[in-house]
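Here come two complexes built around subunit A, the first alongside subunit B, the second alongside subunit C.
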Partner chain A sequence: MEDSKGLWKIKYESDLFPEFGREIAASPGGENIFSCIQCGTCSGFCPLSLYMDYTPRRIIAMTRAGFKEEVLSSSMIWMCASCYGCTVECPKEIKITDVMYALKQRAIKEGVYPRRFLVPILAHSFFKSVWKHGRNTESHLIVSMYMKSNPFKMLTQSLLGMKLWLKGRMGIMTDSIRDKKSLQSLLQAVKKIQNGKAH
Partner chain B sequence: MSAFDIQENGDFRIGVFVCDCGINIAGKVNVSAVAEFAGTLPNVVVTREYKFMCSDPGQELIQNDVKEFRLNRVVVASCSPLMHEATFRRATAEAGLNQYFFQMVNIREHVSWVTENEYLATEKAKALVAAAVRRVKVHRALESKSVPVNPDVLVVGGGIAGIHAALTIANAGKKVYLVEREPTIGGHMAKFDKTFPTLDCAACILTPKMSSVKAHKNITLWTYSEIDKVDGFAGNFTVRVKRKPRYIKEEDCVGCNLCVEACIFKEGKFEDEFNVGLSKRKPIYMPFPQATPSVVLIDPETCLHFKTGKCKQKCVEVCERGAIDFNQQEEFKEINVGAIILATGFKTFDPHRISEYGYGVYPNVYTSLEIERLVNASGPTQGEVLMRDGRKPKSVAIIHCVGSRDRKTNAYCSRVCCMYSLKLAHLIKERTGAEIYNYYIDMRTPGKGYEEFYDKLLQEGVHFIRGRVAEVTNWAMVPSEEDKLIIRAEDTLIGVARRVPVDMVILSVGLEAHDDAGEVQRLFNISCSKEGWFLERHPKLAPVSTFTDGIFIAGACQGPKDIPDTVAQAGAAAAEALAMVDIGHVELEPNTANVETVMCSGCKTCISMCPFSAITFDAENWRAEFNEALCKGCGTCVVTCPTGAAQQHLYTDDEMYEEIEGVLHYV
Partner chain C sequence: MRYIYYPGCSLKGTGRAYEESVLAVFRALELQFEELDDWNCCGATAYMAIDELQAFTLAARNLALAEKQFADEEEVNIIAPCSACYLVLMKAQHYIEEYTEIGDQIRSALKECHMEYEGRIRIRHPLDVFVNDIGLEKIKSLVRKPLDGLRVASYYGCQMVRPYKVFDHHYSPTTMDDLMRALGAKAVDWSLKTRCCGGSLTGTIEQVGMRLSFILLNEAQKRGANVIATSCPLCQFNLECYQGSMNRKFNGSVDLPAAYFTQLMGMAYGISNRELGLQRLFVPMTSQFSKKEGYQHVGV
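Coming up: the complex of A and B.
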């Protein structure tokens, strides 16, 4: 745990969750995390590690050692842009991006992800929009994201939005597909499989 | 001898050859200027500069010039004589000159590598060349002497290195004496359970070799014996071996162990050396079931007969072969050998010295060697991993680098600890299912199949925490830590200090030179590094030779190494020793001392000073007499002689004075 100054206190083994690493390793793509030699290639390659609270390497180490709370509440797992650079470069063939998905799912399941953090909200809104209309409408997505996180922030972005609208880069009309029913039944099936299989 | 050889006052024709040694010399010394300067010296007929004088074209250059310019003296300014004196002497000889009409100038180690200023370096090189040109004129034509070699070989130390070397030489048909200090051969390897990374059983691969040593007709095995004295030189060593009394007639004992059962001590009472103190033995004992030779011994320190003289001597009663002999005395054997291989091994670091790890304080803190015995099927618990309190551990911490990579103890890496820690982690996990935590500084797995073994361990779910352990304590700070040993260390990869409670702690102790390595070094007249490891002649190109000809080293006495490397080195040492004894003779440097009889006053000072007893007194002519066969060329008599009658070849007074004058004249 970090104290108020952001410094680590000593970690007792009884505060850890020894099963956590094994559970993540059992999820799809997680099988190789115990092979990790902590070389840091993933963190070095990651274009976003600069902005992360923990680097991918550290997240893997902490996952293995059972630092469940720290890992799941970390902003890092949500920052992953899924570029798969780390997965391509990893010398031990760990599917790091897949591990991040496993951690994200676990965080959602346990409800411990950072609530005001943009990425999970964006993901939620995106999914909702696709579920409903079969398409993503960017203007709606942005508005919904800011409404749920920080409505005032929208003001600073409004000028850019206007410019994009005037140039025809962003519409206000809702995009949608014709056969929404079929898509929904398809997604429903996927959801069922996932719920049945993972956790 | 060639027509060009001129002994005195002749027409000297000297060639000076200056080497660039790539940029090793030319980078600091203005080689052209040195060559040019050499050309101005009296009697110098030709000077050359060349990139690598030691190369074949370089040597040909010397030989062609000797012929073309009818040279009768050669000076080469290049590297250390230790490196290439033999090369250039050979080139000189092949050109038809006596090989001692050559002088080498060291302008690399003595000049370019140690001088910062280019001008000063060049000046120093010139001065040294000037000195050599003067010196080489007074060189005498000498013949190197060839003496026959004793074909027998002595191997000191009966661990895996000594065993392998002895067997290799014996299989080649040479006679080998294998001398071991302990009552049995086998060394450390006999104590191990499995070997990394293949996990084959140490005993299964070692004991057949041990029995073939015992059975080999070319090997004389002397256990419980030590080297007492070494005399002579390469090819002709005289060695005195002390055979300690084991109070058993070795040739009569068949190892039936009836005496051990009969001993009036019903249970073992004394610390068992083989099980590193984890079990007890009787005063009469067999070190371990496969001990070679299969002969018991009596420890006089604990035997009632020796302590009180009032024992019923049940052992004597029960021994049908009458092998027990309480009156056995120390025995000395003198042997002659041509070559000696030292394979004296190592000792493990004593972790009492690192008090924060609690060895000797907390009973469940073990050394790795103790664990080797504990997981061994022939060990004190028959291979069951039980702690001193009889419990099976549920969690185990293995602390790497104990007594290694630490300036307070040993600064070097002991090389084998990472791998044996992985092996022990695997074995303990396999047998107990315990959680294992490895605390390491760096994981070092440089060997065939080693990294793959590490990967296997990672996948087995053994925990690896990168960080040097600060302390092992029993001071619980939360309820879950009670009755446990707590390891405090920083997990440097996560960036947090952690406290991990465990049942058992294993200290992966490093390797150290034996306490008496210094005595062995003096006995055999070889060199030691400051850590006590025996020094090889060259770290790359002469890794098993020493600075003393005819003495070779193998195994961990040269530095920490694992079993594959030890066996490879033992094979190399055996090959080197064989190469030496098989050729039948050795060339000796003609650097022996002699006496100018007219100048000898017969004061006898040199006789008492000579460490090799090479000088005797001729009472009839009242002068000293030198035996060149015994002289080792140490020079002691030369500096002792008050009249200057004692002189040493290659280092005569006039040669030394000419050299000094050469330098002084230039300066």
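Coming up: the complex of A and C.
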């Protein structure tokens, strides 16, 4: 973490969030992060690590040390494409992909993800569509993602959309389930149970 | 044995050709199946980034519906052709069992809505069903127009083989290669069979996502493949639909059809191109076949 003068920023213990690591460790799949031996197998296997600001190994080290701000605002957690290579290879059986999910959820909850990233916007559009219709219609999802982020981008993508439509691979009608009421009450029920446990 | 077929959202949209060819092959193999009634989104990876418990609940509704539909079966086999659906449904099952708190919360929410998940479900990928339930012998016996000498690079993608090891190896699976050989094709030996295709990153962080697919296509092409066989709608989309932009961006020359493995099966069985959705491919299969002598029956 270099500052504007090119100097390495020093982080003091009092600047950290010591409980952050324990909170992530308490989420499902995160239980083993404190037994990480920092071997770097995950970063070696990750096909995306060379495009990331921090590698998976560093993210785990930073998470348990309490570097909450740096971890949650990093682009790395959004770059994980969930191929589960690290999870399978980890000698300490840490479910690294699931740790990334826990970090994504936390970043969305705290609203600290990098603004220019489309991944959280896509996730939100997806979430809304499924909540409303029970299924997602790919064409609607993509249009709503670009409308919320960068409408100009849609123009460059419209050619691809057109081609898909001509090949019969892009429906315009909304796909939805019959019994939407029961699905919504199911989701509401689980939300209520979850909130009840939290308070 | 009877199966429940779970299509998932992609197979009704960009992956329509996958559904068409999967069903055509099911019929050719005389597989007994029913579509899951009123199925909903599996809870895919995007949903999981927002709320994991809700994502698992979505999956659990599908599992409960399947048990209801096949109420008299001891074990309900669900076929999920999309690798993401396949994994998410299976992951939900594992988490409901492994984490009692998640299991209790989901079970009581289902109960409130007069539903129940008992745990009689087994999630299957069609590749697994074809090779392990039906068997290569029968698959071979139905071949009418063998894919003589066609060089196929089998691409498994990630979520079908990871993190759960169900029917094949995490990094060097061979099931699809065996299947292709049974159809008369040549299986291309390559090491990127399960390397990530970029997933949804091709739409969100384009530069990076496209590069991952580009690496796969380039390697398959270098190994002399005529076609890449895929088993997931997202992999197929990534590998096929961006070839033009990739070549411009990375100064490459990839030009390789990416077909569903079920389309190749259907072709070997002599099923018509239209029934297999071959006309929906962006990079047509014809160009590859015209290079091969004595293989005239494909004309898309």
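In the analysis below, the second predicted complex is superposed on the first by the 184 of 199 C-alpha atoms of A that agree within 3 Å, B and C clash if a C-alpha of one lies under 4 Å from a C-alpha of the other, contacts with A are read in each partner's own complex, and residues count from 1 in each chain.
The rule we apply is simple: contacts are C-beta pairs under 8 Å (C-beta built on N, C-alpha and C of every residue); 3 or more make two chains touch, one makes a residue touch a chain.
Everything numeric in this text was worked out from a predicted model, so none of it was measured.
Undergrad: Determine, for the superposed arrangement built on subunit A, whether subunit B and subunit C clash or fit.
TA: Fit - subunit B and subunit C, as placed by superposing on subunit A, sit side by side.
Undergrad: Among the partners subunit B and subunit C, which is in contact with a greater number of residues of subunit A?
TA: When the residues of subunit A touched by each partner are counted, C comes out ahead.
Undergrad: According to the stated criteria, A:Ser14 is in contact with first (subunit B), second (subunit C), both, or neither; which is it?
TA: The first partner, subunit B, only.
Undergrad: Between subunit B and subunit C, whom does A:Arg57 touch in the aligned arrangement: first, second, both, or neither?
TA: Touch partner of A:Arg57: subunit B, not subunit C.
Undergrad: With the two complexes superposed on chain A, say which partner A:Gln38 touches: subunit B (first), subunit C (second), both, or neither.
TA: first
Undergrad: Under the stated touch criterion, which partner chain does A:Ala189 make contact with: subunit B (first), subunit C (second), both, or neither?
TA: second
Undergrad: Given the superposition on chain A, what is the angle at the CA centre of subunit A with arms to the CA centres of subunit B and subunit C, as a multiple of 10 degrees?
TA: Superposed on A, the angle at subunit A reads 100 degrees.
Undergrad: By how many Å are the closest C-alpha atoms of subunit B and subunit C apart after the superposition?
TA: So the smallest C-alpha to C-alpha spacing between these two chains is 21 Å.
Undergrad: State which residues of subunit A lie in both footprints, the one left by subunit B and the one left by subunit C.
TA: Correct list for subunit A: none, the interfaces share no residue.
Undergrad: If we count contacts the way the header does, which residues on subunit A are in touch with subunit C in the complex?
TA: Going through subunit A, the ones touching subunit C are 28, 47-48, 51, 78-79, 81-85, 87-88, 95, 97, 101-102, 104-105, 108, 117-120, 122-124, 126-127, 130, 134-139, 142, 145, 160, 163-164, 167-171, 175, 177-179, 182-183, 185-187, 189-191, 193-194, 197.
Undergrad: Over in the complex, which subunit A residues touch subunit B? Could you list them?
TA: Listed in rising order, the residues of subunit A that touch subunit B are 8, 10-14, 18, 22, 34-38, 57-58, 61-62, 64-65, 67, 92.
Undergrad: If we count contacts the way the header does, which residues on subunit C are in touch with subunit A in the complex?
TA: It comes out as residues 9-10, 12-17, 38-41, 43-54, 57-58, 61, 95, 99, 101-102, 105-106, 108-110, 112-113, 115, 158-159, 162-163, 170, 194-196, 198-201, 203-205, 208-209, 212, 241, 279-282.
Undergrad: Using the touch definition from the top, list the residues of subunit B that touch subunit A in their complex.
TA: That would be residues 435, 443, 454-455, 458-459, 461, 463, 465-466, 477-481, 491, 493-501 of subunit B.
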